[in-house]
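Note that subunit A is present in both complexes that follow, paired respectively with subunit B and with subunit C.
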Partner chain A sequence: MAVRIARRLAGFLATLLAASFVIFAAVYAAPGDPAVFLAGGRDKLTPERLATVRAQYHLDEPLVVQYGRWLGDCLHFDLGRSFKYGDQVADLITARLGTTLELVAYATVLFVVLGVGAGILAAVRQSTWVDSAVVGGTTLAASVPSFVAAIALVSLFGVQLGWFPVTGSGRGFAGTLHHLTLPALSLALGALALISRVTRQAMAEAAASDHVEAARASGVPEREIVRRHVLRNALGPIITMCGLVMAGMLAGTVVVETAFGISGIGSLLVGAINTHDFPVAQAVLLLMVAGYIAVTTLVDLLHPLLDPRVKQEARTA
Partner chain B sequence: MSTEPRNGPDALLVVDGLRKTYPLPGRGRLTAADDVSFSVAPGGSLGIVGESGSGKTTVARMLVGLVRPDAGTVTVDGRPRSPRPPRRRQARLARAREVQMVFQDPYISLDPRLTAAQCLRTTLRLHGRDEATAVRLLERVGLGEREADARPRQLSGGQRQRLAIARALAVQPRVLVLDEAVAALDVSIQAQILQLLDTIRRDTGVALVFVSHDLAVVQHVTDDVLVMHRGSVVEQGPTQRVLAEPAHDYTRLLLAAVPREGWDPEGAVPARA
Partner chain C sequence: MTALTLAPVRVPDRRPVGVTVAAAVLLLVVLAALLAPWLAPYAPDAIDLSASLAGTSGDHLLGTDSSGQDLLSRVLHGARSSLVAPVLLLAVAALLGVTLGVLAAWRGGWTDALVSRLTDVMYAFPGLLFTVLIIAVFGTGTTTSVLALGLAYTPTVAKYTRSLALAESRKPYVDAYRIQGMGGARICALHLVPNLGRAVVGYLVVLFGEALMSLATLSYLGFGAQPPSSDWGLMVQEGQAAVVQGALLPALVPGTAIALVVVSFNVVGVWAADRLGRQA
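== the complex of A and B ==
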């Protein structure tokens, strides 16, 4: 197990390093010159002034040198200063990260409970109207883009019924929950179809095994057959898919945050890109990638705990 | 049809007029089994033979209660079996103790997550039996301590089938239905499993219903045999007599298809036509 974790960790770091370079290079290659912005706009801009600014922010050095400098600073937990705000990037991010994490966590709870629940229901009632309703309903939900869903949810629950606030992120646990319900729901809707379909399929496969029939023949109650023999054996793909979707959400909150006026890291990223705020854009992207890899690695490490078969393979491998 | 089912008071398992049809794509229905009747005495052994698609597996699954018959009854010890599992715990367990099944493919008939001992203990606990019996059950089917802690994927095909038999025995059934239970095993292992089943039958008095396409296997372990063809019973009677003097053309055809000394595959092919 220790070797496995060490190997995973090494893979994690290697991926992160590669991702960091791609991110740095991509932001560097993006159109627009941050030096112009830093110098205070195109008005009265002299080449001398531009050169001074470039030198001040090390923008005149080759890409690799800049990358090396940035990476070195990152390793010392120094993400640099925002070009736009002048604040420490780390401070900007920590101020907004909480909200985004709360949003993603809330959405994850929603899509896991509703998605897996709907999938189980469809699998147990396979080829009945319940099954068709689940498949049809979740497909419809998935085909609606999250910003459209956001608008629909706002107009129904926010404006017409007035149940939920339509903007801001709230204070305290109850307030946060209240404010984030609609954003989390519009974020989770798209994942429902995928999760419920994977759950249904994995359970149908597990249920087709003769050992389920054997359990039924030996008098095990139906509820326990579903729980202990079918769902338990189907958990592998379900957990993997939930992990991937959740990891994807970390980088996918931009639209929903904008639609609901939540100041999370998604809206921070959009702002940073629009204003050529290199250090912020790079740091946020790096954080998203790190989050994605961390979640998927965690899911991989979790697998052997769920399934003794994987543990054996890992031991013999 | 040579012998009618002996519906005497001594019969343990009485099957009367079982029928099952499946809807075909488009129109019409496939008759998987039609008017299947037989009986088995306590500790008796019946073989159901026929080629693939003759309906023998459907009959086996109806006996266990995994498939609901369209018509007909299955009676064990004078009590008719309910077509679907009862809701009440006691009734459900009692129903399970009537008939148990060993499936054809031991690679999918065991929960991959459970070790052999866990598999047996789960069933023993369910039926309120002492969990320590698991060790004796494993011994009974020739599995030792090493296999007790192994999961199905670490066991060979023969060992898995022994475990499947032990799991069925853990319920203490009156009737054990074996659906092609040795077909997936190689010949020497087949002989061992058949030997084991014979010993278990003599020791515990469990009645066996042996579903197989293999006449040689049926000859070794059954007292009576039932020949099925396209869902219908074409011949039934004592195994020795049916195999020695087959009365029906289809039985003769099945016999001609069994490889033996001086067997000519060329001869079996025209016999089919």
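== the complex of A and C ==
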């Protein structure tokens, strides 16, 4: 077990190092002088600003040293300065990270409840019209890009019916919930197909095992069988998939926050790219990628705790 | 195995009617794109401020946007770039992916290890973030988006091709050519890759819907096609401001077009890939 954890952590660190190096070295792929690029282009560029950039990024030193120093700075949450906002990048991010995490959390609750629910329904009512409706409906939902779903939801529930606000992220718990319902829904819709399909498949596999047959033969009520024998044994793959989808949602906020005018790190990234503010884009990308790798690693490490059978397989293997 | 065991989900297999409808939709869209200059009642960039945000009427079948541009004409013209760009990006991904995949399978050893480490690093970027990084470096625009997305799709294609090529390279005909004294590069280019063609194309067909969706998303974010293009993703972005004023058509017309094409393509694509795979 300890070996497994150590190996996973080493893999996590290696991937993180490689990905962060790609994000860092991207500056050198940009056409022209990296200092000019980091300062946001030639217009309104002063020698002082250029000197600040050179000092911040240690541009006069060898690449590996630069990378090491940059990584060290990032670990101390010193992410440089945004030339568009004239602000510390770290401050820009901390001011917006909360909203983004709330959005991801809300969307996660929605896709877990709706996706797993639909999957259970499809598995229990297998090969009936309910099953077809779930599969068809979720596949359809997965074919609609999240920004189109966002506009459609805003048009219907925001503008026509007036049930939900059209933009912003709201104040207080109720206000946040009210404001983030449509954004979270557009974020969650695309994940429903995957989650419900995994749930349906995992439950079908669990339902095919002998102990379910035995339980049914000894007269255990069907409800009880589904809950205690089928769903419980199917939880491993379901929870793993939910974790992976949640990790990917950090990237999905880029689109949804833009569509709803929510001030989070996703919309910060889009704004940074459209205004050539590379230090901000770099920092947000690093944060999102690090978060993604961390959550996927965590899911992988938690898997044996949820499903002791995996632990045994790992031991015998 | 009891009756509860599932076959993998294959919606189109169960509903060939859906496949027919989807194929018909796609045919119509392709025709519309080809015939756009003749079908469109107005020029896509004809501005008429007196008809700003008009609803559906005889003059403007699908209404107009805030500059009074006819939405039907714009969507018809936009079908061209919205359909051609995904093909181009898949061509880029296929070229790079097949090359890398075959190279990794054929050479093995450190080449294989290098390719798989490279793909691992790219997989560490969730969703569109790898593409976004490239766009952040090289700037926005259709060309950058197509190339960046092509690069982002490369690992997937490479991984798929590698597994196919690995199985293919163990077949007796490869040894036969080798005994005849044919070089590795020649065997790959003339015999191995053509034999993989069918399966790779089937795989690319399945990716098309997602590729169109990703490109539309990039244009929506302002990273792809730039005004005055009639690209669908860009049209949704431009039409969004009017939604709050109660004019829904400018955003919903191109949005529906995207969703319709992606849904149809996914239905037809899965079905077609299934058949291609079965015959291969």
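The definition used in the following text is that the second predicted complex is superposed on the first by the 265 of 317 C-alpha atoms of A that agree within 3 Å, B and C clash if a C-alpha of one lies under 4 Å from a C-alpha of the other, contacts with A are read in each partner's own complex, and residues count from 1 in each chain.
Please note the rule applied: a contact is a pair of C-beta atoms (placed from the backbone, for glycine too) under 8 Å apart; a residue touches a chain by one contact, two chains touch by 3 or more.
Since this is a predicted model, take the numbers as computed values, not measurements.
Contacts of A:Ile23 after superposition on the shared chain: subunit C is touched, whereas subunit B is not. Applying the stated contact rule after C-alpha superposition, one finds that A:Ala247 touches subunit C and leaves subunit B untouched. Of the two partner chains placed by the overlay, only subunit B lies in contact with A:Ala214; subunit C stays clear of it. More residues of subunit A lie in touch with C than with the remaining chain of the pair subunit B and subunit C. Shared-chain residue A:Leu153: touches no atom of subunit B or subunit C. By the touch criterion stated above, A:Leu269 is placed in contact with subunit C alone, subunit B being left untouched. Contacts of A:Ile293 after superposition on the shared chain: subunit C is touched, whereas subunit B is not.
Contacts of A:Pro31 after superposition: subunit C is touched, whereas subunit B is not reached.
Annotation: subunit A residues 213 touch subunit B in one complex and subunit C in the other. The residues of subunit A lying in touch with subunit C in their complex are 15-16, 18-19, 22-23, 26-27, 29-31, 126, 132, 135-136, 139-140, 143-148, 151-152, 154-155, 159-160, 166-167, 197, 200-201, 204-205, 207-208, 213, 247-248, 250-252, 254-255, 258-259, 269-270, 272-274, 278, 281-282, 285, 288-289, 292-293. Within the complex formed with subunit A, the residues of subunit B that make contact are 64-66, 85, 89, 92-93, 95-97, 99-101, 103-105, 108-113, 123, 126-127, 151, 153-154, 164, 167-168, 170-171. Contacts from subunit A toward subunit B in the complex involve residues 209-211, 213-222, 229, 232-233, 307-309, 312. Put simply, subunit C touches subunit A in their complex at residues 1-2, 4-6, 9, 11, 14, 117, 120-121, 124-129, 132-138, 140, 209, 213, 216-217, 220-223, 233, 236, 240, 243-244, 246, 248, 251-252, 255-256, 258-259, 262-263, 266.
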